[in-house]
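Note that subunit A is present in both complexes that follow, paired respectively with subunit B and with subunit C.
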Partner chain A sequence: MSTARADRIGLLVLPGLAYLGLIYALPLFLLLLKSFRDATGALSVAEFVQIFGDPLQRSIIARTLRVAFLVTLLALVIAWPTAIVMRSARGGWLSLFLVAIILPMSLGVVVKAFAWSILFRSNGFINQSLMTMNLIDAPIRLLFTETALVIGAANVFLPFMVLPIYAVLQQQDPNLPDAAATLGAGPYQRFFKVIVPLAMPGVVAGCAFVFSMAVSMYVIPSLIIGERQQTVAMQIARSFLFLRNEQLGSSLSTILLLIAVSVVLGSSWLAARLGARQ
Partner chain B sequence: MPKLTRRTLLKTTAGAAAALATPAIVRAQSNQLVIGCAASHTNWMEAIVVPHMREAIGAEVIFEGTRSAVNLEKMVANRGNQYLSVIQMDDPVMLQAVDEGLLDPLTPEMVPSLSELREGAIHLDGMWANYAQPWAGVAYNTDMLDGVDSWEALWSPEAAGRVIIPSLQNTEGMWTLFIAAMLATGQPFDAAQYEIDAAFDKLGELRDNLLSVYTQMPQAFNLLEQGEITMLPGNFSSFALPRRDAGSPIDLAAPEEGIFVMPSGVCLVDGAPNRELSAAYINELLSADLQSEIADFTSSLATNTLSTGGADLPEGIGVYSPDWQFVAENRREWTERFDQLMAL
Partner chain C sequence: MLDRHAPDPGAAPMAAPDAQYLDVVAIRKAFKGVTVMDGLDFRMARGELVSLLGPSGCGKTTLLRIIAGLMQADDGSVILAGRNIASLPPHKRNISVVFQNYALFPHLSVAENVAFGLRARGMSKADAVKPVREALALVRMQDFAERSITALSGGQQQRIAVARALVVRPHLLLLDEPFSALDRKLRETMQVELKSLLRDRGITGIFVTHDQDEAMGVSDRIAVMNAGRIEQFADPSTLYATPATPFVMDFVGLSTRLSGRVAAQEGALVAVDTDLGRLRAPGTLAPGTPVLIGVRPELIRLDGGADMNRVDLVLEDVAILGSKTMLQGRPGAEDRLLCELAGIRNCKARGDAVSFHWAVEDTLLYDLSAGATP
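Let's look at the complex of A and B:
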């Protein structure tokens, strides 16, 4: 391909870049700018100082990070065996797995949240099952708890963990574990020395996806844990929509953005490092 | 592959611009009215107002149900290019909208029904007017409770983990705050509503009985219907009583200390699209016939003096309406304090 033709083809990226610049980068830049200004418009970091000096705001940031970490962990624990099984599946079974993973994404979070409230309530399925199995004497509280939030959010974000891991596993040579076996590797070694290291780029990508979405989720915590256990995203909405405190809202948005960007950059670095090692 | 010339680029750009602008042009010329209201208005808006407006003034009503504070934010964000024509929201938020210069005053020439409203239903020289006002008490599950005689029941040991209250971000959240002030001080409502420190002390004692605090009422109401909670204070007749009449195991109690009137207001947005049609919408909403119909459906108190029917309130129970100016001046601080107090 000639250089001139390659340059013209390269121009095709311009509409996409313009769109992203206008719709994504510019508002983010304005938001960042606002977070470093006080109510009079002067440059200031007072809002950040106030946020980190407020025990409630610190506990909200800590809860947001804790929940995002636990959601990512739970999604990973469920997604890993699912992806392994999907890699072995063929034909109709594989289609069934893919439909089962993707179809629930078309169901709104609000509908799911109402369904979960039926499961989580004191006379709901979970409590009834635990009592029937004599594991508990009286119903335990699940509604409006972090446990319910982690379970619900992991359910919503599961496809974003399963699909990257499945994509990486599918690209692996299926003969590699057998080859390792011929060299004397047992099942444990085949799994931890061959399959897991080769799947790490998919795991890292899945974790980055899920953590980024979990750390910034708004609708799911609003519906599942309510106002007494706020997350950073809920605080942002409250700041802009109710308190009409743009400084607080944009400063919290900047903190959330920094967390998400750190995770994405960190995971990109890790994925590149793991890829290079292989 | 066709060659990309300057002419084809210009034609394509003009075509794209026309395609993008068409919905706005069509909307501006249509008989469509976009109304901002509360999510809890959905039932009666769909059943009564939308068909009535189509027939009476030829308007196609699209309504966006959300919190009053969100409607205010929409008006601020779209200043100078509003897409909402009329907003139905509560008095304290109306005061904020007036401060922001977002409202177009109503006049008897534009809205003849104003002359039929009872005293006190028109605010700040016509900035907004009240229409059918629901009453607020304590919604409770009838399978689990026989009734709620006193607001003190919220604080009782039997109610532990069985109560959800509204956030102060919601107008109905104010009722729990003011009742807490009355119970803490023993003063009548008119004086107690200013005893906010005492109110917060009393609310602090309610913490352990709370399952949650809501900003989205339907979800909390759903838990009341399921029996997960027994009481939902501050709930109002326009939402609870139609659900009761539909067979849901809930009812709305009017406790002995008193009940409240929801400050339902309607305003014309400054720079609203279809201004004349918007004024006609407000005129119909305030009219005796439509208010009677809404008041019957929602067990509310009509503000049109010629209206009939509506709420059948228990005798001897005080019906209160607070000093909304005082609320508007302090609500932000109270909300911050409330969130700190209730946070886990």
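Let's look at the complex of A and C:
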């Protein structure tokens, strides 16, 4: 291919670039700009100082990070065995797994959240069952708790963890565990010394997906725990919609963006490092 | 080395006689109800290099995987150094495998790959340094220890795979088509190199291959496999000179082959009528028996005495192959007429009428009647 031709093909990127620039980068830039200005319009970091000085805001940020971390961890723990089983599944079984994982994504979060409330509420299925089995005397609070939020969010984001891990497992040379076995490695060593290290790029990608989605989630916490225990995204919405405090909203957005950017950059750095060895 | 499966060069075989170092008995294996192996026996001596030779699907890789423990036989036993290992998992057998694609660990360096088996047996990193260095020196790869696997060529990867397999001092080394990923020139060099390496170290090894030249080149004995059975297990010269079955004759080397029917028994010879006339071969068979006549192409000459077998034909093709010239005639459906002459002889051309002559005692005879033992 001639260079001139390649250049002209390069022009194809323009529509996408223009779209992203106009719809994504520009408004985001304006928002960021606002977060670094005070009420008079002068450049300042006063808003950030105030946010990190406020115990309530600090606890919201801490909860958001904690929930995102736990969601990622739970999704990872559930995704591993699923991906392992999927790798050895063939034909109809594999299709069934893929459908089971992808189909729920098309079901809106709202529907799922209300379905969970049937499960989680004080006279819901879980409490009823536990009481029938005499494991508890009185209904325990499940709805409107952080635990319910973590369980619910992990459920919604699970496909984004399973699919990248499945993808790397599927690409692994099936001879590698066999080679490890003939060299004297038992099942645990094969898993932790061969299969897991080779799957790390997929694990990193899955964790990055799930963490960045969990840290910025708004709809799921709104539906599961409501206003009781806020997350950063809920706080941002509140700032703009109810408090009419655009300063607070854009500064919180900047914090959230910085977290997301560092997760993405950190994970791509990690993935590149792991990938370079392979 | 605390692990009880740790390699110990002094202690390996127990009372087992060396001739039965590996004894594979009555192996049966079916895949999804289809029996692919039914009562296969295979035995080899300590320090022997053996090839399992056969076309794809003949069961050679299945047998290799059963010996390595990567696949379970439905029935039968695998006795190695006097111990039945049939029910042991692969990591407890101390049998190393060099895989067709080498199966090196891409996330580990060259040295880490070689150290893998020692580390899996519980050896410390520090203790593994010396044997790893020795193993790399053995395959002349000591300068590559810290390299990444992906930075190596195919030949270098093969050497690392061999070093990784040998460093644990296995009781048995299995090699699954180890040369098939290499180009022709390199393949021949590596065959010679690997054979002398295994010989020097007294390694007992099994090569799995579909390439007869490779099998001839690297092994003391060759087991020719077909449809889950071993058709013949012999040293290369016996295999070539007196193939036990038409399959072995066709799979190992080239041959002239003509089908026919026994006309008469003439003392120790059988007279056979073929489309190209009457031929004689050593043997005893009843008149009327359908048979196959075979002869190796280099035993055929273009002139000869009256006591020799002779067929007249018109040359279909003359192929000049450098060190030899192949003359080919046009035979009947299943038949083939091949004559190999040493050197380049341009005296014959396509379309020439010639006669193939060969000694009666060089003639191979196979009973094709139903129920005849193959």
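Everything that follows uses one rule, which is that the second predicted complex is superposed on the first by the 275 of 278 C-alpha atoms of A that agree within 3 Å, B and C clash if a C-alpha of one lies under 4 Å from a C-alpha of the other, contacts with A are read in each partner's own complex, and residues count from 1 in each chain.
By definition in this document, a contact is a pair of C-beta atoms (placed from the backbone, for glycine too) under 8 Å apart; a residue touches a chain by one contact, two chains touch by 3 or more.
These figures come from a predicted structure and were not determined experimentally.
Once the two complexes are laid over each other on the shared chain, residue contacts for A:175 go to subunit C alone; subunit B is not touched. Once the two complexes are laid over each other on the shared chain, residue contacts for A:240 go to subunit B alone; subunit C is not touched. Among subunit B and subunit C, the chain that touches a larger number of residues in subunit A is B. Once the two complexes are overlaid on the shared chain, A:189 sits against subunit C while remaining clear of subunit B. Applying the stated contact rule after C-alpha superposition, one finds that A:198 touches subunit C and leaves subunit B untouched.
By the touch criterion defined above, A:123 reaches subunit B but does not reach subunit C. Of the two partner chains, subunit B is the only one touched by A:226; subunit C is not.
Contact residues on subunit A toward subunit C in their complex (touch as defined above): 173, 175-176, 178-186, 189, 193-194, 197-198, 274, 277-278. Here subunit B touches subunit A in the complex through residues 67, 69-70, 73, 76, 161, 164, 167, 169, 210-216, 219, 222-223, 226-228, 332, 335-336, 339-340, 342-344, going by the rule given at the top. In the complex of the two chains, the subunit A residues touching subunit B come out as 56, 59, 113-114, 117-118, 121-123, 141, 143-144, 222-223, 225-230, 238, 240-244. Within the complex, the subunit C residues that touch subunit A are 3, 5, 68-70, 89-97, 99, 101, 103-107, 116-117, 120-121, 148, 150, 164-165, 168, 174.
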